[in-house]
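Sharing a structure, written as structure tokens. Questions coming.
Chain lettering (A, B, C and D) follows the sequence in which the chains are written, and residue indices restart at 1 in each chain.
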Amino acid sequence: MSSTGFIDLDRITRRFTSIPPFTQRLLKRLGGFAASPTVVYAVEGVSLSLAHGETLGLVGESGCGKSTLGRVAAGILPATAGNATVAGEAVMVDGRKTTTRIQMVFQDPYASLNPRMRIGETIAEGPVSHGMITKAQSASDVNRWLNAVGLDASAAQRFPHQFSGGQRQRVAIARALAMRPDALVCDEPVASLDVSIQAQIINLFLSLRRELNLTMLFISHDLSVVRHVSDRVAIMYLGRIVELGPTERIFTAPRHPYTRALLDSAPRLAADGAPMQDIQPIRGELPSPIHPPPGCAFHQRCAYAQERCRTELPALRATGKSDQAACHFPLGGP
Amino acid sequence: MFAFVVQRLLQAVIVMFVISAMVFVGVYAVGNPIDVMIAPDVTQEIRQATIRAYGFDQPLWVQYGIFLQRLASGDFGRSFVYNMPVLGLILSRLPATLEITVAAVMGATLLGIPLGMYAGYAPESRVSKTIMAVSVLGFSVPTFWIGLVLIFTFAVNLGVLPAGGRGNTISILGVQWSFLTTNGLMHMLLPAVNLALFKMALMIRLARAGTREVMLTDMVRFARATGQSEWTILSRHVLRLIAIPLVTVFGLEFGSTLAFAVVTETIFSWPGVGKLIIDSISTLDRPVMVAYLMLVSLLFITINLVVDIVYIALDPRLRARKTT
Amino acid sequence: MNPVLLRVRDLKAEFVTRAGVARAVDGVSFDVHAGEIVGLVGESGCGKSVTGYSILGLIDAPGRIAGGSVQLDGQELIGMPHQQLRALRGRRIAMVFQDPMSTLNPVLTVSAQMNMAIQSHRRCEAAQMRQHALSALAKVGIPDPERRLMAYPHELSGGMRQRVAIAIAFLHQPALVICDEPTTALDVSIQAQILVEMKTLVREAGISLIWISHDLATVSVLASRLLVMYAGRLIEEGPTEEVLRRPRHPYTQGLIDSLPSRAKPGQDLVQIPGSAPPLGELPLGCAFRDRCQFASSVCFTAPAQTVDHQRSWRCHHPLNVGGPVRLADAGQ
Amino acid sequence: MSTDMQALVPLQTPMRIFFDEFLENRIATVAVTVLFVIIILALSAPLITPQNPYDLATLVLTDARRPPGFVGSNGFTHWLGTDAQGRDLLSAIIYGLRISLQVGFTAGVIAFLLGASLGTLAGFIGGRTEALIMRIIDLQLSFPAILLALVLAALLGQGKWQLIAALVTAQYAYFARTAHGAATAERSKDYVEAALSTPLTPTRVALRHVLPNCLPPLIVVVTVQVANSIALEATLSFLGLGLPVSEPSLGMLISNGFQYMLSGRYWISIYPGLALIALIVCLNLVGDQIRDQLNPRLKR
């Protein structure tokens, strides 16, 4: 995987281990019957690279590790192994974020703003402390970004509790843009908004992309939202990428059985408004990231699973000009 | 679960060492250890003999070693005032304190929780408002002042109950108990009530806060939607859920009630451990102070351990993580 | 069409808050026929959940029912004495809620909670209760019911917990089950399983459902009829396919058009400007007036409900009355 | 592109909303006014009290133990009667309130500073040190405050600062636990992660973002703990371990009056007790109201 991309994630692994308290380790040495530390395999060896100005959709169900991967890319969470770079520059150096070129937008508008800080201060705090603007310029800078996200300049003096969910999400976006980033990681930015507000925010993202030529990693569980904003889409399942490719190709002719099953189980209204009546659910339960199944993690629920799937982990390999899938028997032939 | 208990026992031992060190420093190393052991008006020869016997001429840490040895063997020395082994003195006084403490805490819990739950269940009703008024008062008024008022009304004005003292007792297994005789009960009533008021107020406030929060959850709405009666919801869902925080407070408050007995026993001249410690502080009877501190600390640590174990027993979420 | 099971007429519910009285449900009327699945759709704050709770009288203070009538098989529920209403809850009408985490009691086993639900309507021995519970769990597709019966809620996955709640709701074969966003908190694959299971369960037992949700696509998988609510009022009603294909109210049309699946990827979505007015400060006349591109002076007076066969709407300028006109084209 | 802004609600700082909501509750407002009056009385004690109860020269022994309304030998009416040393009870109570407030607030503030900083520090350091500190705090909390204060008062001897030291040691743990709880809760919120991802230095995030949001729950603990300090001080004085006899606090006044109680001279103990209770009740009522207002779940 040549690292030519603007955002480049190279074999990122992230595991959460809970160290048992002192006594359990003591007992382990004495009688060896204490519980071993539980390890959560959140992200396993994921490689992704986004070209400049591209929007990559990252889709998956809960526990698939998409949020963790997003946080590693945004330099909030250190990776257990592998490294993340933006424009060739490492995102994190020994546990501390070292770049301002990538910013993050969070899901819950009610939790991502400091309730005791005026909107103007929240937006100006970053650029001022990084010397991008002087204190004197902060007022005009705040106005610029408020307008960019469709908010009135008078919002600067107000507090978060005076705004609706949609307006707060605009403020969160303004805060991220104020750092003049080249890339944005958006973690379920519209998931907790109503449909009509969701449309306004999606349109805002589309226009920002065009005007500021931003590279975006767009994380969501909602397939239709991802399809609308992304150039390319990566499907994640239990910490790994199972399929990656141009959006239309993924949505019309998926190669991995999980992608196919996911598309079939998501209720969608057809273009002319007719409801899609027949949904085929996937069998079985979501496996827990604490005990990932051997071989291909999807084999217990896959209609095409064979012996090889149960034992051998399929590598992510090319299945076409610009798309890849991690499956021994990809749909529509190898 | 087992590992948890071992962890706590380990900590208990460490804490006892720390306390014994603090007590040793506070009482022996700071003051003149000799005054601790023998009364000031003793002849010089006996003083020298004692110094050598207890090794006060040794370096400090050796003395601490001796101090620990004696603690382990239960020899806390002799009380100046009562001139008898301190351990025996304290153990003889303990039942009296335990009686009123247990009565107070039981009363506070059995009355406090239902009242608190009602106040949480129907916060707007006038009855709840009075319950909360009583609880704020009970929570704010110092124990000793309530004691005075109780004596003033029941003993002085109405003359219905004795103003103090323990009344007659029956001895079972060599231990004097007063709650088994009517006269004993009459004497016990006011001190127990005095001790219970603060605890009841606390239980009411906690039960109310817990109930109020649980009543607003989807769980109660779902239980109602399945046709369960308000009584079932309160007694089996709500009580079971708020029991967890209440147990912790019950444990801590039991310890603090025992300590508050100091005040009540002084007012009602109830011959318990509390009164003993107050008298020994004023007469600087240090061996009693040392023994009281060590025993009470041991008691609090055991209460703490029991509370933690019950806490885990009550809340299945804390038990070993079983993934189905 | 089967006989009418539930008749809701001019239902009003309000909340007394520090800022004054907020009318959450402002005169809602609809029917539910036996065995029918009705979708109650709207954005957050439109009063759809409060409508659902009001039917069973489950509104906590400071909310209260301010008027109207709810009849089940001709029996009036509003103002019914508490004991009688309680006898209906769970036996005739049951409910399923959104968040499986907070619906079940975390410190009681599944079997303890199911027994309590069984005992509120049937006196029977432990063995019978156990049998009843096991068959209820099996019916909603829970594998290995014996083990799940003894489990605590935190030991089950979200999907499994919601199935237990559904099993409890169906324990006494109620005539009507009100589901408030039952699959919103679940993953897509688990949601699909539960949608399919609910569909077969309801069809076999002839149970009617009121499915409350903000997600048009999910509701239209199950519901044969859609009721669209906005700012406490029912603004459109009709068979699912007709309402989706040719909505009458501009708000319904706007809702459908702002769904990403409806537009070409990358193209700006049709968006409804502004946001829903808070319930305490509803504008005069039609509440959608400020956000509607067809609004005119007549919209200052509240539109009456126009009924046409199985469809009804509240709008002075209904759309698609003629041919299949889509808002996007009508607007430009 | 810009959407038409819904009429923005007038400028409301969180503080202003907090006060508006507070003043709406009648009981809390009464409590806060009574508190205010007591504080004013205590501050201006030397100016307004007819007699300085601590100046032994002015005491007239023959006027001792007189009932309320008694006109003293110097022609002054003792509205609440006199105590065993002939002190005017009203002046003694006002001076007593003064001491109680002094001791209570000083102990409360010191315990707040010590405990809150320890708790938040533990919250930020995390890992083993956090576990160790919080373990010590938990163990200290299992020790009843009164016992700790009792033993310390006995060891440290008499005097205002010794008493304050005893009260602080008995109560800083409550602040530490609340501060630690608040710090860990706020630390997990998105706005902290957002600030860190700007990136802003952890210290800046801690001071400008996390700390201000940890304060509200601590305010509740301050009011309750000041009330506890006052009650504890009174209890210790009652047991003769509090302030020196020459400057009787309310607890001392009550204790002195105790033996006269049985012979029917109730006022010596009862009136100081009522003053003490008024002070503590008001503090607790204010604490309760703030706690209810801060509890998001009970938002109406």
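Basically, a residue touches a chain if its C-beta (ideal position, glycine included) is under 8 Å from a C-beta of that chain, and two chains touch if they have at least 3 such contacts.
A quick note: this is a predicted structure, and the numbers were derived from the prediction, not measured.
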Going by the stated contact rule, which chains contact chain C and chain D alike? A, B
Touching both chain A and chain B, which chains are there? C, D
Of A-D and A-C, whichever chain pair has more C-beta contact pairs: A-C
Distance between chain centroids, defined by C-alpha means - chain A, chain D (Å): 49
Which whole number of Å gives the spacing of the CA centres of chain A and chain C? 31
Cα centre of chain B to Cα centre of chain D, whole Å, reads 24
Averaging C-alpha coordinates per chain, one finds the centres of chain B and chain C separated by a number of Å equal to 53
Would you mind listing the residues of chain C that make contact with two or more other chains? 273, 275
For chain A, residue numbers touching 2 or more other chains are 21, 164, 200, 207
Got the chain D residues that touch at least 2 other chains? 3, 6
Which of the residues in chain D end up touching chain A in this complex? 1-3, 5-6, 8-9, 11-14, 17, 131, 189-191, 193-200, 204, 208-209, 212-213
Which part of chain A faces chain C closely enough to touch in the complex? 61-62, 164, 166-167, 194-200, 202-203, 206-207, 221-225, 227-230, 247-248, 261-262, 264-269, 271-277, 279-282, 285-286
Could you pull out which chain D residues touch chain B in their complex? 135, 139, 141-147, 150-151, 154-155, 227, 231, 234-235, 238-241, 251, 254-255, 258, 261-262, 264, 266, 269-270, 273, 276-277, 280-281, 283-285, 288, 297-298
Using the touch definition up top, name the residues of chain B that touch chain D in the complex. 11, 15, 26, 30, 136-137, 139-145, 148-149, 151-152, 156, 163, 212-213, 216, 251-252, 255-256, 258-260, 262-263, 266-267, 277-278, 281-282, 289, 293, 296-297, 300-301, 303-304
Inside the complex, what are the residues of chain B that reach chain C? 124, 215-219, 221-229, 232, 236-237, 240-241, 244, 314-317, 322-324
